[in-house]
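Presented below is the structure to which this report refers.
Order of writing sets the labels: A, B, C, D, E and F. Residues in every chain begin at 1.
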Amino acid sequence: MQLKTQGLACGRGDAVLAADLSLKVAAGSALLLRGPNGAGKSTLLLTLAGLLHPISGNVVFEGADPEAGPFIHHCGHKNAVRPRLSVIQTLKFWADINGHGDVTPATALDRVGLGRTARLDAGYLSAGQQRRLVLARLLVSPRPVWLLDEPSAALDAAGRDLLAALLADHLRSGGLAVVATHDDIALPGAATLTLGARA
Amino acid sequence: MQLKTQGLACGRGDAVLAADLSLKVAAGSALLLRGPNGAGKSTLLLTLAGLLHPISGNVVFEGADPEAGPFIHHCGHKNAVRPRLSVIQTLKFWADINGHGDVTPATALDRVGLGRTARLDAGYLSAGQQRRLVLARLLVSPRPVWLLDEPSAALDAAGRDLLAALLADHLRSGGLAVVATHDDIALPGAATLTLGARA
Amino acid sequence: MSGFLGVLRRDLRLSFSGGGEVLTLVLFFIIVGAIVPFAIGPDRALLASIAPGIIWIAAFLAMLLGLDRLFRPDRDDGTLALYRMADMSMAGVVAAKVIAHWLTAALPLILASPFLAMILAMDGPTFWRTVLSLLLGTPALAAFGAFGAAITVAIRRGGLLAPILIAPLCVPVLIFGVGAIAPLGGPDQASSAMLFLAALSLMSLALSPFAAALAIDWGEE
Amino acid sequence: MSGFLGVLRRDLRLSFSGGGEVLTLVLFFIIVGAIVPFAIGPDRALLASIAPGIIWIAAFLAMLLGLDRLFRPDRDDGTLALYRMADMSMAGVVAAKVIAHWLTAALPLILASPFLAMILAMDGPTFWRTVLSLLLGTPALAAFGAFGAAITVAIRRGGLLAPILIAPLCVPVLIFGVGAIAPLGGPDQASSAMLFLAALSLMSLALSPFAAALAIDWGEE
Amino acid sequence: MSIDDTPKMSWWNRLAHPGQFLAWTRPLIWPLAGVTTALYLLGLWFAFFNSPADYQMGDTVRIMYVHVPTAWLSQFVYAAMAVSALGTLVWRHPLADVSMKAAAPLGAAFTAMALFTGSMWGRPTWGTFWEWDGRMTSTLILLFIYLGIVALWRAFDDQLRAARVVAVFTLVGAVNVPIIKFSVDWWSTLHQPASVFRADGPTMPGSLLTPLFVMFFAFTLLFVTLQLLAMHTEIRRRRLVTLERRAARGDTL
Amino acid sequence: MIALGEHAEFIFAAYAGVFVGLGLLIGWIVYDSRRVRARLETLGDKRG
């Protein structure tokens, strides 16, 4: 699997935020997106995910089989956590709609350090705990492409280490990732794309 | 002005998150709150602001004159930005309810780098730009106490510098600040309180 | 005072801005009135006899259903926390919001009511009494409504809860409102109903900001 | 299929969990029906003659006003974006949600309708015809409603917009629904009204998931 | 941005470009306005000075000259909107959005006028302003649909995104309007009001038809003129929003 | 002008209503157009 864009321009409405991007992210490697506020990092991720139309150019996932169902995980700024559902129910629901993999929801919760909170209402989790729950979603339904928008927001130091470990595992098993962040995420060997500050 | 707590315990419902805190933050100095997710940083800030009741102990602002109106700015995780109001209208509204100071809304917008966006709908701003707008709120109504909850979230490098500069100005002019953060905020001479990870 | 006007101005601006809340509410009012004949038949005499009741129910529902925008958006986006730290009392905020609510959710309905009166075969004098009773009664609905909205914003549940909590409290307004139009006991009864209505409005306008402010403060702890 | 059941299960769970959305809706239904006598007077014959219409209007309003919770909370918290990347089609998601909406917003009303029938002085046979017509007609309301909710989900605050968009489109449901109960044109008319009602429900159930899915996808770009 | 110098474009592409559309249709506005005014003057002259009273309805038949054209437009504008909606959804024609948005308030206005003139006609002929008759009732529902569409447009922040959603609703409405019409007819024949007197009995004499036709064209041309003007404004408004945002981001214009 | 018979007020009201309505409609559309163009001009757009 390989992510390739050709002459991609993306933006909101008619405002072009990034033009003529020719990216190449191979399996096993990652790309860090950086840039100031409003530079268009979130917009680019949404475009790569297919949730926004590119203004021009296109996004290709070489080697992906569209028949086999979706192969992209996108994590936006929002956590998709409903306060009244318990943590484990939330994760099971995500596995239901995204497809089940080898990792059971309970295992995934343990992995992200929420094992003890499984039966709690998700609304009781703090901001960082909710973010960890979102990381568990990536584990229960294995997909080769991860597009993460500021995954480290609200995470504490241990959480950031966890994130780095999960990303490393993902890359090692042949996945690819594009991560937009303002923080330092330990991703050895990742390329960096800095979206321009606009005058 | 001096912030003092005596044997303060704060928490949510009946869960005590921090107990027996005896803080002292003098005018011109700042306190950084650190700690893992769910440690109770936000809860402590809300308690200091008087928006949550302390479980025991109390919070005193020595030298504050309660007759002279509120003297605390609290910035939570939420921006209080309404999408359909223009940027300048939003800021003017805040100045209306919090009281006007020497800095006009237009000047404050320039200070935080949003001068050009004044007439845009606030909903059009990116996450980081909205956060800057929140910082402008601190400027239009001068108050000696700033309680900031992850003010640097979503801010880019320039935004963090701006935040540090605003804080420095505030302290220099005799204000005091308590800032909860996971990031490194340049606050020379600030004390740090780390709230414990919970078992 | 600048705070009071600031809140008022902002709420009016938000209601009339693109979102078009006002247009929506007026349409809701008219549609509720206009679907009644489909359900109970277009018999003119029947319609005319229940027309004041229908107009009052439509206004009642429209006003109660518009409640959700009173405090909930402010709570969700964090503005409510700002109000609590503002240089004005919460009761002042609520009072400004009640006035804004009446101006954007009651006045437009009253202006639109001639249309409903026409399709419901109401006659002229009845219509004028209806307008008068709406003018006297809707402030009470706005005031009670603000209280209901304050309670529900505190318990973090939105949607239809405020309307159903407040509806029973507002039944007297409805009774006197209709009584002031279609006096079963003759014109004497009608004018005393008008008086009760005015008294209800004054009383609730005076008290509800304080009650609502208390509810909000307690609910947010 | 696991996705379809997952969505259905989650929506049912959320509706019945602490929040008590279902209870709220049922109460709203009953309150709307119950305030009518206050507004038009307690004349039993009059009430009985318009009772089927009132029950239908109350159900109509309750179902339309419950719409806001169909997609909006999912959009606000980001779940809608997840659906778009899920291993199932958006039409499947909508279909599951329509079913959940009917189970949580229509069925409880029908179960509560005897109470309303009682206070509106309805007689037995009419009541059973009312239940039948509600059973046949409410699926159409749920389906149209899902479409309306999908249209307005891209808007930040929907509020009453979906109800006013959808109410005019649902007028046929109301007409045939009432027509099936209180046949002014005799039993022949009533049974043809029932047929029309069933046809409307089937048609709208079959088409609305696709139309709604289109609206959601395009609204979110 | 400007592509004036592109060699040859098909008329379709030329029209598809909003800037080109502006340039091409702007000169039409004043002539159209002139013809419309002339037709109105002629129509009014016919209506009040040169047409007989109807043998059945007397002078109230003169209301017909404003009622029927507005009633016709109330339906025609919806049809125009539905076609534009198809344009938006199927061909992604950028002008279709603009046309759809411009037409909605116009349609609502004409429908409201049809209702108003109808009730002004109803009072002298039936003795009431309003009767729950099938045609009038379905016109009322049409007005609700129009106003709903206007409210829907206003509720969106992003007009580009709004277009496709409104288009879906417009088309579903178009499918639904016949069903509504049918059900309302079914309903109002169930409860046939006592003395409804319809005018469309005998064929109209020519002396009534001439003013009707003149007014009919006057109203239709007025719609065309206003539609063009509103489309121009909408195109400019979009350009304005773009410029304002660009200025806010600090781009050079 | 020929006499309008017993129902003159309704005929008059119908025409007055329609033409006042048209006036408002035209006025609003023209005003809107003017406003947008003026704003465009202040932003220095030359394309009219």
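In this section, a residue touches a chain if its C-beta (ideal position, glycine included) is under 8 Å from a C-beta of that chain, and two chains touch if they have at least 3 such contacts.
All figures in this text were calculated on a predicted structure; none of them were measured in a lab.
Counted as hops between touching chains, the shortest connection from subunit C to subunit D is 1.
Between subunit A and subunit D, the least number of touching-chain steps is 1. Two chain pairs, E-F and B-C, are weighed by contacting C-beta pairs, with E-F ahead. The chain with its Cα centroid farthest from the Cα centroid of subunit C is A.
Averaged C-alpha coordinates give centres for subunit C and subunit E that are 34 Å from one another. One inter-chain figure worth recording: subunit A and subunit C are separated by 46 Å, centre to centre, where each centre is the mean of the chain's CA atoms. Distance from the subunit A centre to the subunit E centre is 48 Å, each centre being the mean of its Cα atoms. Distance from the subunit B centre to the subunit E centre is 54 Å, each centre being the mean of its Cα atoms.
Touching of two or more other chains is recorded for residues 38, 77 of subunit A. The multi-chain contact residues of subunit D, meaning those touching 2 or more other chains, are 19, 155-156, 161, 164, 167-168, 171, 175, 184, 220-221.
Multi-chain contact residues, meaning those touching two or more other chains, occur in subunit E at positions 144, 148, 151, 155-157, 187, 191, 244-245, 247, 249-250.
Across the complex, subunit F meets subunit E through its residues 1-8, 10-11, 13-15, 17-18, 21-22, 25-26, 29-30, 32-33, 36-37, 39-40, 43-45, 47-48. Subunit C makes touch with subunit E in their complex at residues 18-20, 23-24, 27, 30-31, 34, 37-38, 41-44, 118-119, 121.
Across the complex, subunit A is touched by residues 35-39, 42, 77, 125-129, 131-132, 150, 153-159, 182-183 of subunit B. Contacts from subunit E toward subunit B in the complex involve residues 157, 244-245, 247-250. Within the complex, the subunit D residues that touch subunit C are 19-21, 24-25, 27-28, 31-32, 35-36, 38-41, 46, 49-50, 52-54, 56-57, 60-61, 65-66, 68-69, 155-157, 159-161, 163-164, 167-168, 171, 174-175, 178, 182, 184.
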